[in-house]
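Per-chain numbering from 1; labels A, B, C, D and E assigned in written order.
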Amino acid sequence: MSDVGTKELRIVGFLCNWCSYGGADTAGVGRFKQPTDLRIIRVPCSGRVDPLFVVRALLTGADGVLVSGCHPRDCHYSEGNYYARRRLEMLRRLLQFMGIDEKRFHYTWVSASEGQKWQQVVTDFTKQVHELGPLHDKKEKAD
Amino acid sequence: MAEKKYAYYSGCSQETSSKEYDISLRAVMKALDVELVEPEGWSCCGSTPAHTVNHVLAAALAARNLALVEKMNMPVLTTPCPSCLTAFKEANHRMENDSFKKDVNSLLDNPYNGTVDAKSSLQIIYEDIGLETIASKVKYVFTELKVAPYYGCIMNRPPALAKFDDPENPIAMDKILSALGLNVCDFAFKTECCGAGYGYTKKDMMKELTYKVLDMARDAGANCIAVACPVCQMNLDLNQKEINKDRGSDFNMPVIYFTQLMGLAFGCSPKELAIKKLIVNPDKLLKNRMLKSETDKGQDKEKLKASA
Amino acid sequence: MADTGFLPKEKLKDFLEALSKDAVVYAPALEGDIVLFKEYSQGKDLYLDRPANLGPKSIIYPQCETLLSFDFKKNDPEDPKKVDIELKTESNFANTVVFGCRPCDAKGLVIYDKVFIDTDTADPYYKERRDKTTIISFACEAPFAGCFCTAVGGGPADTTGSDVLMTDVGDGFFFEALTEKGKAVLKSVPMQDGASYKEKAQKIKSEAEKKIRNPFPKDATEKLSQKLFDSDEFWEKVVSKCISCGACTYLCPTCYCFNITDEKTKDKGERIRTWDACMFNHFTLETSGHNPRPSKLKRFRNRVGHKFLYYPEKYNGVIACCGCGRCIRYCPASVDISEIVGYLKDPKQK
Amino acid sequence: MSTEKLKEIILKVLPDVDTVIGWQEGFDKIHITPFFMKSPEDAEKAVWNSLCVQNLAAYLPSLKKKTAVIVKGCDSRTIVQYMQEGLIDRSNVVIIGIPCTGVVSVKKVLKAVDYQPIEDVKFSDEKIIIKTSKGEKTLAIADVCPDKCKTCQYPTPIVYDHLAGDPIESTKPAESVYEDIKEFEKKSLEERRDYFKNEFDKCIRCYACRNACPMCVCQDSCIAETRDPHWITQKLSSEEKMMFHMIHAVHLAGRCVECGECERVCPMDIPVAKLKKKINSEMKELFDYVPGVNPEDKPPMYTFNVEEAKIKEHKL
Amino acid sequence: MRVGVFICHCGSNIAGTVDVARVAAEARKIPGVAFATNYMYTCSEPGQDEIKAAIKRENLDRIVVAACSPRMHENTFRKTIQKAGLNKYFLEMANIREHIAWIGNDKELNTEKAIDAVSMAIAKVMQNKPLHATSFKINKRVLVIGGGVAGMQAALDCADGGLDVVLVEKSPAVGGIMARLDKTFPTIDCSICILGPKMVDVGQHEKIKLFAYSEIEEIKGYIGNYQIKIRKKATYVDWEKCTGCGLCMEKCPSKNSYDYFNFGVAPTKAINIPFPQAIPKKAKIDPNYCRQFLKGKCGVCAKICPTGAINYEMKDEIVTEEVGAIVVATGYGLLDQNILTEYGGTRYPDVISGIQYERLLNASGPTSGHIERPSDHTEPKTIVFVSCAGSRDKSIGVPYCSGFCCMYIAKQAILTKDHIPDSQSYVFYMDIRSPGKGYDEFTRRAQEEYGAQYIRGRVSKIYPKGKKMIVRGADTLLGTQVEIEADLVVLATAAIAAEGAAEMAEKLHISYDTFGFYVESHPKLRPVETNTSGVFLAGACQGPKDIPSSVGQGSAAAAKVLSLFSRDMLESDPAIAQVNTNACVGCLKCLKTCPFQAIVEDTLRSGKKVAKVIETVCAGCGVCTSTCPCGAIQLQHFTDNQLLSEVSAICQM
């Protein structure tokens, strides 16, 4: 059972090392409780997140994907999140078109100091995905 | 065909106590080739005590009128009264919230979709018509007048809602009056409270505040005050005698709508502008007028002198 | 009489339903605007008006098949270094009937048989499916765009590779069993006696044969011009327009090239065999980075060479082309292999 | 526009180039095939009619020698996009433009004549007359044109060195271009998902769509076939097929010139271009960008604005 | 592959809510894992020893540590495995503390999540490749941008440490804001008297190359090797020849030039030396006011200059300097008073800003230290100081405290009393913020010894009444409205980011906050570093600061540079992009999107056009990798396959 009340769903998060991963750390240090569904993959920059990672995850078992980077103007690499913003916005619209609810995909900006915001993002997004339920008819885990 | 066309909401004051504002505004707009269209069946704007009691009801009163304008397919509603203006702007703002909008529309026969922008007539004249056009229409310059432009407390406030001019030091009326060729005083109390809010409940306080505004205008070297709000006008105009009695002062300062001043400059007759309705009689100040062409000559001469 | 039979047209569905009691039946069906072989189920519409876009090859030689699957098992929790790999092969291919393919499609399977079965090391996956499948072909009355079966030794009513041949004789279908498997099929369902239709069918078939175009002499002994075959200039001329895709090979009933890859997840995986195409750059790309067939000219030459030179050399003059015309029909650039072979057989033509 | 005028131009440019890419008759009367002309004799065989469907500009990046290419209005967008992305040396290319009122979808024509072998094809006014063994059939070109022609905005090439004919203006309203996308979006989420699953399930991964795509610059390096990176397996599952088409769509984001080749060449009749067209409609909406129209433009995925006027932060 | 997995208890931090033993047991089941254990404190010395021992004993070749955030201990463990002979990039960490143990209470769910996190790390580490840093030489010269007190301190400390320093100052003289102050709090030291010697040192130090009246045009390169283009703005005076005699300034007939140094308190000449102690003490012409430039005739200065230094034809000049590190000390700016319309903006001459008042107090200022009203040059008797004039005001976008105003207002109140003994000062304040040695005592002295009236409340309006300015405000302690008739009003205008701060940040590739102040690497532990290695911060460009803090940061930044330059070679991070030239199709989309211009076009011997990464410039963001359609350019350590393996470790249908 997920903290959200139903069976845990699979949510994949791509977090940039400098801001959002740090924000998730800050949330942890502050002991800000969050639903447990999210699995985090660390990337150097949200600009590293090829939209196809999101597609791959959603096609192979994820029920939701979250991408989070530094706020615009705050990118550690100056410009990475600007590219991310364009690509991920394009993807969001494309997913909805091909029949994957855009609510299963969220991209946002969380800085290393925004532990509370991170808690909010994870809580809200997890809730949102749970409202939609599983994306795939998954086989039960063998064990 | 008029060059510009606006939906026009005069408001209750302009129907009654400050008819001269409405009359002069219509005269000026006519001179400026602007058509004002009144929405059929307009009603109270809601700037009554309603908004201190119930936001939804207050907004519904305003939205009913805005919906009428929406039905006329007109994007902008203009009103001379800052109080009405605030009511409309606030309704628009609150109705950006969907659930609030739903509540309001549930009270209305015809729902309002939030597509009508409300602007003060001052803003329309300043921004849409522009100083150049105004100056080009000027026939007479009243040389005697030294005007303190008085905007009142809500014409530009709150700034996030009003989105027009500076909330502390507005200049639109200053510029318009200057374009009329008038002598405009640097007036520090442009947005000071005139006290009208306490007109009935705390008369002494009202008189104190009114006195300050009049006093400051006199200090600034003004011999009349230009206003854009019917309540300010009434308050400043009506109470001078009583203040003189209390304080031993001798105010006799005409409080004139800026639209009346515009009309006079454009060559409208005092009757067309209902000048007579003012309490403090401005006739003495209006005696001396010059044809604008002559003042221009004078200026040219001065310019010549300066360059030589 | 079990060797021939006749069915009125309206009985065809009953026939298929009877067949599908004992076997999985694949029959052509319309899918949007294209024709594909689909598993037949009750009440489903058939579509026999033209050959399927993709023939039945994928039923017997699937585009992707799992050769084996493997599990990494750590049975001793104390010794993580000890890993047992469990291999599994699964076979659950049921008895199958392919209904309504064209004679050229059936002929294609014979080309495969030589490679996958008639060798010292038969391919058990292919063999099992081939053995369990009965082919009921449907003779063509007239050619379709690009067809040239007669030029490569086939024909609109060629029986090679089929177990049963079916001919449209107007008011119904005439069936001929060609093999034991075919006889068994015809036996399994009630059918009218077909003897009276034999002659009519024969006439239809031979008329059809005359309508087929002959882009090059049918005589298989006519050699390709080696000189022209070796000339880069020739290939550049004829295949510059090729876009190097795999449409021709994947649709081809005689192309059988494949790739084998291992796909592994955390603790299990599969070895899969998938179609590959000699038109792809990767096909001959070596680990070193060297590619012996680096350009589409070389790759296309190989394709023609394989079908008309190398395969015949190895298999007794049999041409590895059934003339179905799909590679021509569906080529994005309308490259015409029959025209190219025609040039090679008769260089003067050029 | 007469074929004669075109031949004149071909003969004129031929001495300056290695090859002129045009069209000639194909294996039957309905199939026109690309034609790499090297000699004046070749030029004699060149044809131009409504069956000249292929986007010949797609051959350009793979050719090293100076080449002339015949392009329709739609095809010219390919060249403009190549220029934007620096994929061709413009000085190495001679563009022969043809104003075009619309071509014919061979698939639609064949369907209209029940896939009978075509014996002859004739043109008359805006019509195409098809002769099969079952007789003659006259079709209005407008009824059998590819969807792209129905909303064509660029009947005259955007760039050209020679123009074989008089320029013509588009008569199609600009807002019609993405109407089909809007229409499709009226379907429910589930309907759309099922639609794409069913369509992509037909895919045999022959890569004709990719190889015909003028903007698929990777070609032999396409990640659909590599192990490093290993984005996708060779399995035949719906997910892998969908993944491949998503790769194609995402890589074409802001670059697809809507030539429709991917869809035309698909032997399985899959509406491959739909995803790309959707992205294009969004590029227009988000960045007011249309691919292959202005050589000075920057493809939107390779640039950014610090403030994006149309991208709002999304609330959860 | 033999992966070793170490699950850390972190005392009870992790073990309290994660079943670490079960995580280790599950890890053992994963193919490729040769060893898995759990340990109390993995980061402790014995914990690290355990890893090293296990690597030897079990012959491990990759390591996964499941513990705290890699932002905390990744480097620790990299060093650990390096000591045991493994390449340090054969380490992956699973963050099971901050991302799991600390944010969920359900032990069962946490354990499942930790198993997934470990599985992902194992999947990734098996894809990891050994990476090797390359080293490169450092150019041991440093660029200091800004010649205020922070920049001068940094420059002097670096120069004294033996480094060549390039100091670029955009105004004609160094000294910054501090040179304009009259006295400093809380000691009432004469500001220029203590700063002057430093300015002279800067001017004379043989290791400091000073570019005054110059701006940074362009910055290229990377830590250790920057190329800087400096624009030397035209002064129209040849500074080689100018002796600073001041004759030109005396004779110049254009008397109404805006005096930047004095913040416009009084006009100056079109040709001027900004102030008597200026370093360099050179004249410069302001072409906006010079008659020669405006009317094309005058030439007085040219005629009179004894050394013939005047050159009306002078043009801006671009010079290039090469350095290895950059100290940014560009200081701050002051809020434009015009924004404060409730205080009349700048309409009332007798409402001035604090810095203008500072110039009125200053003996070398335009009034020679006599306090007088700008309107009528009379001596004011009642002076009102308004603190937080813009500061802590969200509505104008300055929600922060400017920090030093409370102190300088107290100082100005004290000095006012000194200058005009019969004067009365009033101070409107929101809170008195005086944390600092001797600071609070100082503000008390202003009240208690110098009689300044402190009124807690904000001023709502300032307007003229006759010759007086009426200051209307609230006294929140008395709960009443007050109006004070003042002769002079001084506004403590908010400190804001320096003009052009954002553009400078973009040139430097450093980040800045919403207000334009530069962002340090870590607010507590790396206060003078930026996230761009090689670029350091000093002073108020990072946020409002008083003098001692600015000086402290100047020295700190200098120490950072000196420690950086104590090495001869630097190691580049090998986790950067790499091109597979076989796969690269030369479309060069990566070149278009690289934020660092680290990718160039290259031609192979075969004639094939490909992309090439300049290793030392690449910062490792990976934008190129997600741009490349054919996966030919891969960010090492975060390759497509590495990230895909993580995805597939958790996404299996």
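Going forward, contacts are C-beta pairs under 8 Å (C-beta built on N, C-alpha and C of every residue); 3 or more make two chains touch, one makes a residue touch a chain.
Given the structure is predicted, the values throughout are model-derived calculations rather than measurements.
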**Study point:** Topological distance between subunit A and subunit B, in contact steps
**Key:** 2
Review point. Chains in contact with subunit B and with subunit D: which ones?
Key: E
Practice item. Name the chain whose C-alpha centroid is farthest from the C-alpha centroid of subunit C. Key: B
Practice item. Any chance you could check whether C-D or B-E wins on number of contacting C-beta pairs? Key: C-D
Review point. What whole-number Å value describes the gap between the mean CA coordinates of subunit A and subunit D?
Key: 36
Check your understanding: Hey, how far is the Cα centre of subunit A from the one of subunit C, in Å?
Key -> 47
**Study point:** Whole-Å gap separating subunit B and subunit C, where each centre is the average of the chain's CA atoms
**Key:** 88
Exercise for review: Could you tell me the distance, in whole angstrom, between the mean C-alpha positions of subunit C and subunit E?
Suggested key: 71
**Study point:** Shared interface positions of subunit D, touching two or more other chains
**Key:** 219, 231, 239, 301
Practice item. Going through subunit C residue by residue, note those that touch at least 2 other chains and give them in order. Key: none
Practice item. Please list all residues of subunit A that touch 2 or more other chains. Key: 51, 56, 60, 73, 79, 83, 87
Review point. Which chains touch, pair by pair?
Key: A-D, A-E, B-E, C-D, C-E, D-E
Review point. Touching subunit D in the complex: which residues of subunit A?
Key: 51-52, 55-56, 59-60, 72-73, 79, 82-83, 85-87, 89-94, 96-101, 106-109, 120-121, 124-125, 128
Exercise for review: Going by the contact rule at the top, pick out the subunit E residues touching subunit A in the complex.
Suggested key: 69-72, 95, 97-106, 109-110, 112-113, 116-117, 120, 506, 509, 511-512, 514, 519, 523, 531, 575, 593, 595-596, 619-623, 625-627, 635, 638, 640, 643-644, 646-648, 650-653
Revision key, fill the gap. In their shared complex, subunit E is touched by residues of subunit C numbered 72, 74, 77, 80-81, 83, 265-267, 289
Revision key, fill the gap. So, in the complex, the side of subunit D touching subunit E is made of residues 85-87, 217-219, 221-223, 226, 228-231, 239, 251, 298, 301-303
Point to revise | For the subunit A and subunit E complex, residues of the former touching the latter | key: 1-3, 8, 10, 12, 17-18, 21-22, 24-25, 27-29, 31-36, 39-45, 47-51, 53, 56-57, 60-62, 73-80, 83, 87, 113, 119, 136, 138-139
